[in-house]
Amino acid sequence: MRSTILESEIQKVIALAREEKRIDGRKLDEMREIKIETGMSENAEGSTIVTLGKTKVIAGLKMDIGTPYPDNQDEGSISIGAENLPLAHADYESGRPGNDEVELARVVDRAIRESKAIDFKKLCIIEGEKVWIGYLDFYTLNGDGNLFDAGSIASLITFNNAKMPKLDSENKIILHEYSGKLKLSRQPLLTTFVKVGGKILLDPTFIEEKSAEARFSVGTTEDGFISAMQKGIGGSFTFEEINKMIEIAFKNSEKIRKQIAKI
Amino acid sequence: MKNEKKVDYKKDKKRLDGRKMDELRPIKIDVGVIPNADGSAYLEWGQNKVYAAVYGPREALPKHSADPLKAVVKVEYRMTSFSVPQRKRPGPNRRDQEISKVLGEALAKTIFVEQFPNTEIGVYVEVVDSNAGSRVACLTAASCALADAGIPMRDMVSATGIGKAFNELVVDLNKDEEDAPDAVDIPIGILPNSEEIVLLQLDGLLTIKEWEQVSKMGVKSCKNVYEIQKQALKKKFELGDAGKKIVELKEDKTVKKKVKK
Amino acid sequence: MRSTILESEIQKVIALAREEKRIDGRKLDEMREIKIETGMSENAEGSTIVTLGKTKVIAGLKMDIGTPYPDNQDEGSISIGAENLPLAHADYESGRPGNDEVELARVVDRAIRESKAIDFKKLCIIEGEKVWIGYLDFYTLNGDGNLFDAGSIASLITFNNAKMPKLDSENKIILHEYSGKLKLSRQPLLTTFVKVGGKILLDPTFIEEKSAEARFSVGTTEDGFISAMQKGIGGSFTFEEINKMIEIAFKNSEKIRKQIAKI
Amino acid sequence: MKNEKKVDYKKDKKRLDGRKMDELRPIKIDVGVIPNADGSAYLEWGQNKVYAAVYGPREALPKHSADPLKAVVKVEYRMTSFSVPQRKRPGPNRRDQEISKVLGEALAKTIFVEQFPNTEIGVYVEVVDSNAGSRVACLTAASCALADAGIPMRDMVSATGIGKAFNELVVDLNKDEEDAPDAVDIPIGILPNSEEIVLLQLDGLLTIKEWEQVSKMGVKSCKNVYEIQKQALKKKFELGDAGKKIVELKEDKTVKKKVKK
Amino acid sequence: MRSTILESEIQKVIALAREEKRIDGRKLDEMREIKIETGMSENAEGSTIVTLGKTKVIAGLKMDIGTPYPDNQDEGSISIGAENLPLAHADYESGRPGNDEVELARVVDRAIRESKAIDFKKLCIIEGEKVWIGYLDFYTLNGDGNLFDAGSIASLITFNNAKMPKLDSENKIILHEYSGKLKLSRQPLLTTFVKVGGKILLDPTFIEEKSAEARFSVGTTEDGFISAMQKGIGGSFTFEEINKMIEIAFKNSEKIRKQIAKI
Amino acid sequence: MKNEKKVDYKKDKKRLDGRKMDELRPIKIDVGVIPNADGSAYLEWGQNKVYAAVYGPREALPKHSADPLKAVVKVEYRMTSFSVPQRKRPGPNRRDQEISKVLGEALAKTIFVEQFPNTEIGVYVEVVDSNAGSRVACLTAASCALADAGIPMRDMVSATGIGKAFNELVVDLNKDEEDAPDAVDIPIGILPNSEEIVLLQLDGLLTIKEWEQVSKMGVKSCKNVYEIQKQALKKKFELGDAGKKIVELKEDKTVKKKVKK
């Protein structure tokens, strides 16, 4: 396993954080600039590139037809995958998704799924027989930290904009033809923080993540709900810190939602 | 099971299995159950039954995984094929991978890893029966196994699930409650003496107000679990308050232990 | 691969065996104490913990529904798996079952299957369409040798006690409801020996297995049949030795069968 | 799509998408798009959209993969799950394996690998949208990324597909043409200055006569691609003819570059 | 990874090639002797051993029944696999097919598939439901270079001679009974060259392949078509060289076709 | 095939394929068939056709697999996809894994492994056609290949299947007999000179009395196989009794062989 981060850089980030400063000059609760592009992959039912500072991820959705799960005969399903491509950072490796990527995908998935934004019953084609199965995969194209939020934004926009494939009379997909959209009833977004040198930093970069004692992500909705939480990395948070982060998350995600609404 | 829509805990004043809202399922812990391990524990938590074993500090393998500054803590969460209603396929799935990761991260802070450079501490937890809450059961058991192994720790880790079901906030959801239409599941793990959070996840829809209530219930329940852990360790060592011994480790950071190779 | 056994310990075991002694004071043909617990896993159709000295294994059975094999349209099937959990011994590793575990599972499987104890035709639900598929998996919780016999005892008891899931009118499994049992027409059991220092030892411990030249397991039934044999490890046996072991096996397994009958 | 039997390019004089027989689809290259990489390129070629990144020369890992005489060039061709009409499953398939191999072999000759013993040069290409010809798009992009990384090269590698569809030889087949009943697909990659062939594959039925024609079309088209590559590199460096810089490397084999570890 | 070839041997092969000589005395465009045996595997629908100098491969075909691909409802399919067995060369390793074997199998496959020699429509049993799926696998028994041509010859002969399994009234395979043959409408064959010391060598041995700058294979048919081309290894060819190799390939494959016709 | 219930060998006095109860199927062995190997053999045993090759003693790879006290013997049993009536999927299955293990253990005793510390001896067997008994065919072939490689051995290993079918004990069951309702299959491998058992497995229901009879038939049949092995080695070396040469090795434990790297 390759590691290109030097211990001295980490120490510098920690020292700065103790003085409430960040290496890129941001305030502790300041998000990096977000750029959004959509529709680049014509073969996808929806696709989005989100650039968050230097972090860049691409998400795409393919809808397929399958059989329902035995215990949910009238529901389709959605699965989310994440991959840190070796082209995105010197430290990323080829091969099966590691624990980091599995956690990343599952937390992004939960923030959306648990918000009940997607009505799985609407993904049913014929009860007990045929349902839509959506595969949303996002890939890191340049890795500079906070893949949770970048992946969450890219996934949400991709679902928002996705076209549903058209079905023929035998309920088979007609390639490249679409009918209607996949509608979301909520706009859940993750907001991620790390604790460095005892301070809470919003939207960490790669080096800040490597310098962190602990990480916290919270999924919030526009109507005041928490839909997911995840504490990561080996340190701890106090309940006070968690409460403060949740508060910032609600405010910050509201700004992003406004930017998304403009697309 | 998802059809129990008429259940309303607010009205009913008690839960499907008769528990009070803030009542844990029965917990039983036996320490030292796996003779080969350096430390071990068997834990029953309602229907959940889990084994935890600790091996180490021992030589880190493969060698390139060793850290010259500290012990590497490896946690593996697994379930037997018959521990769930529908047979689980062999090999770790994505859920197992994630839980292994968060359990490892929840234990990392409490262990004085810097005392054992170049070694590994292997923590293995195996679920042999389950009914909601197996991850907090495993974290609780693993913490006991580490104490049993004599690994120097800042504090125990005590965990529980808090959540919401049938219109009420409740402690320690069981499977029927997890299947409630408004179910929220929040596994929480803390260092019981400092009340620091080392494990925290949430699935479902919760308001900030509810979260404030949940956090109080979490601390209280985790501390209840801590008492049970201390009793179990006491029972094992018989010769005094083993739980206290663990807490005392916080003061005595100089404890050294021979590393087995 | 980790190996915590010292060469000096092995030499000691061999030297003792030459004098017809064992490190734990047992006689050469003496079995360790067996303890049996059943029904601990409520999600399993049957489950058993067998403690054989310090060796401890847990077995559990799940019944599922599948399609029959093309050449056995009117028969269900049973598959047995074995796993040496890393929590059970410092030398056990995570990962896919190795050759040792594959052999272990297959020999335990054969002793039962080849005894014709299970009537696969009774596992047929609808000929050519739906049959029962049983998955019995056993896991080592503490490894101190002779997993063959411990696994064999745990598997047999699990099958003996297994409840069959109830089916609804569409032949789908109703979770947590049962109807009837899986009946065995024979009670086959493995008995395992090793040759150490030229002597034959019944029921070897971990260190005795590591000290052994050769291993032999034989499956026997209560009505005088051999149902399986397996020679293992790189040494050899004479036909005399094999005959002697078969004789002991019949006697020894009879005792275990009596203990099982009391459950 | 296979039913367009009445299409006949000989008669129609133009192609399904309106192109002339020897016309490439529009190509757009941006160099330096992945900040973390030592060199990178984004390339659009008709509907195809690919990213290429180069890391190295860097320490070869695992260590036993190092070659004491030269840099090891590793190429990985991958496609995102949504880059094709039917969802691609995760992990490389046999096609990906083969394309990775031939792309690596196509790049091997042009890199002065002997200048960087014991190192590896990782070349990663990712297809995010596709429509016939993704391998030549990737080879073209990878070559730009190598130049962007300042890796000393004998020459650029420029590639295109040539082939046959609907009764006529054509340049740069798209998916509809690849589905023609008489389709032949011939990916060609050359060193544009020496016209040496570094990539050549063929699927379909072709006569020797047709091959002779194809080879001429191939050289011409690859050279057109080369011009676009040079423009892209020029745009990136702004300060002169970057493409020329690459060519000049042929004369100056003494260029050294510090190896990052 | 094991490598038993010495650099000095490679240098010798290159030096010889520069003088238009080969280590085994052959002319540059001379093929090694080919021996052909068929039908050795009675369980296979067809089987062939091809010996090319010291190179020896065995190919076998199994026909199975499956469902058609969604976009080709009236067509069966054929898949070709290649494996370099560890018994065939000290440098070959066990495990999943590596990139070399994948390329080998795919090029042999394309030469046949793209020649349209096999009519996939004739492999349809019931449109949209049941089709023949052919698995042709070839294995290297002794590896001395040019597995492309040896595999290509063995595959072609195997297809030529393959018997089709008989179906019962329910369209299930009757084991060991056959009805009719799999007919090929063309006889495509690969011809492979390497460039060593700037010279083009037909039918390279193992050491010649290891000494080569570049490799080229071309599939040709008896009626004047090229059906496949593949350049391999890290060097380059001029268009002149390619043209020359294609010319030799047509002549050479014609000779092999005559030998095949005599079987 | 399972319906041949009216067959009764006790009455019929001969077997389905016309053999006598104690008659082996025809066996043919060619030694030295794989030029690249240090030793090899091709064996036909009825319909079974197998190749065996030996490489070594050679440097053990990966290096940490080496044993400083003796050569490591690695045996791999594999079947081609077309060697069985229903196509075998690629990659070793659980049966292959078990057979590889028992074959390796059957060969371990006869090889003077302590003469070649830190090396490996790779034994590869490949089944290209099969009809019951492929493991004993492979063990017999592997033993010849080891002798061909000049690996010092205490004795040959000779193997055969014994068993029961259609109410009678028989030697060397074929597939039809393995499918008999009362079939018992007992692969046996011995060192023919000392009659020590190195391979022994059993599937089916057998009484002790029958086992006593089986063991006698086993020794006799294995010795018949041994004669065929000796003839094959003799044929290869032409210059005397190669089989005898093997046996003589028992007296001359000092033989050394250069280890190839």
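Going in written order, the chains are labelled A, B, C, D, E and F, and every chain counts its residues from 1.
Note that in this section contacts are C-beta pairs under 8 Å (C-beta built on N, C-alpha and C of every residue); 3 or more make two chains touch, one makes a residue touch a chain.
Since we're looking at a predicted model, the values are computed, not measured.
Graph distance from chain B to chain C, where chains that touch are one step apart, equals 1.
Set against the C-alpha centre of chain E, every other chain centre is closer than that of B.
Chain centres computed from CA atoms place F at the largest separation from chain A.
Between chain A and chain F the centroid-to-centroid distance comes to 58 Å (mean Cα coordinates, whole Å). Mean C-alpha position of chain B lies 52 Å from that of chain D. Shared interface positions of chain E, defined as residues touching 2 or more other chains, are absent. The multi-chain contact residues of chain F, meaning those touching 2 or more other chains, do not exist; every residue touches at most one other chain. Arrangement of the chains shown, judged by which pairs touch: one closed cycle in which each chain has exactly two touching partners. Starting at chain D and stepping first to chain E, the chains sit round the ring in this order: D, E, F, C, B, A. Listing the residues of chain B that touch chain C in their complex gives 34-37, 40, 47, 49, 51-53, 55, 58, 61, 76, 78, 80-87, 90-91, 122, 124-126, 128-131, 260.
Taken in their complex, chain A has these residues touching chain B: 99-100, 102-103, 105-106, 110, 114-116, 216, 218, 221, 224-239, 242-243, 246-247, 250. Contact residues of chain A toward chain D in the complex are 2, 40-45, 47, 54, 56, 58, 60-62, 64, 81, 83, 85-90, 94, 96-97, 135, 137, 139, 141-144, 175-176. Only residues 94-95, 97-98, 100-102, 104-105, 108-109, 186, 191, 194-208, 211-212, 215, 219 of chain D touch chain E when the two sit together in their complex.
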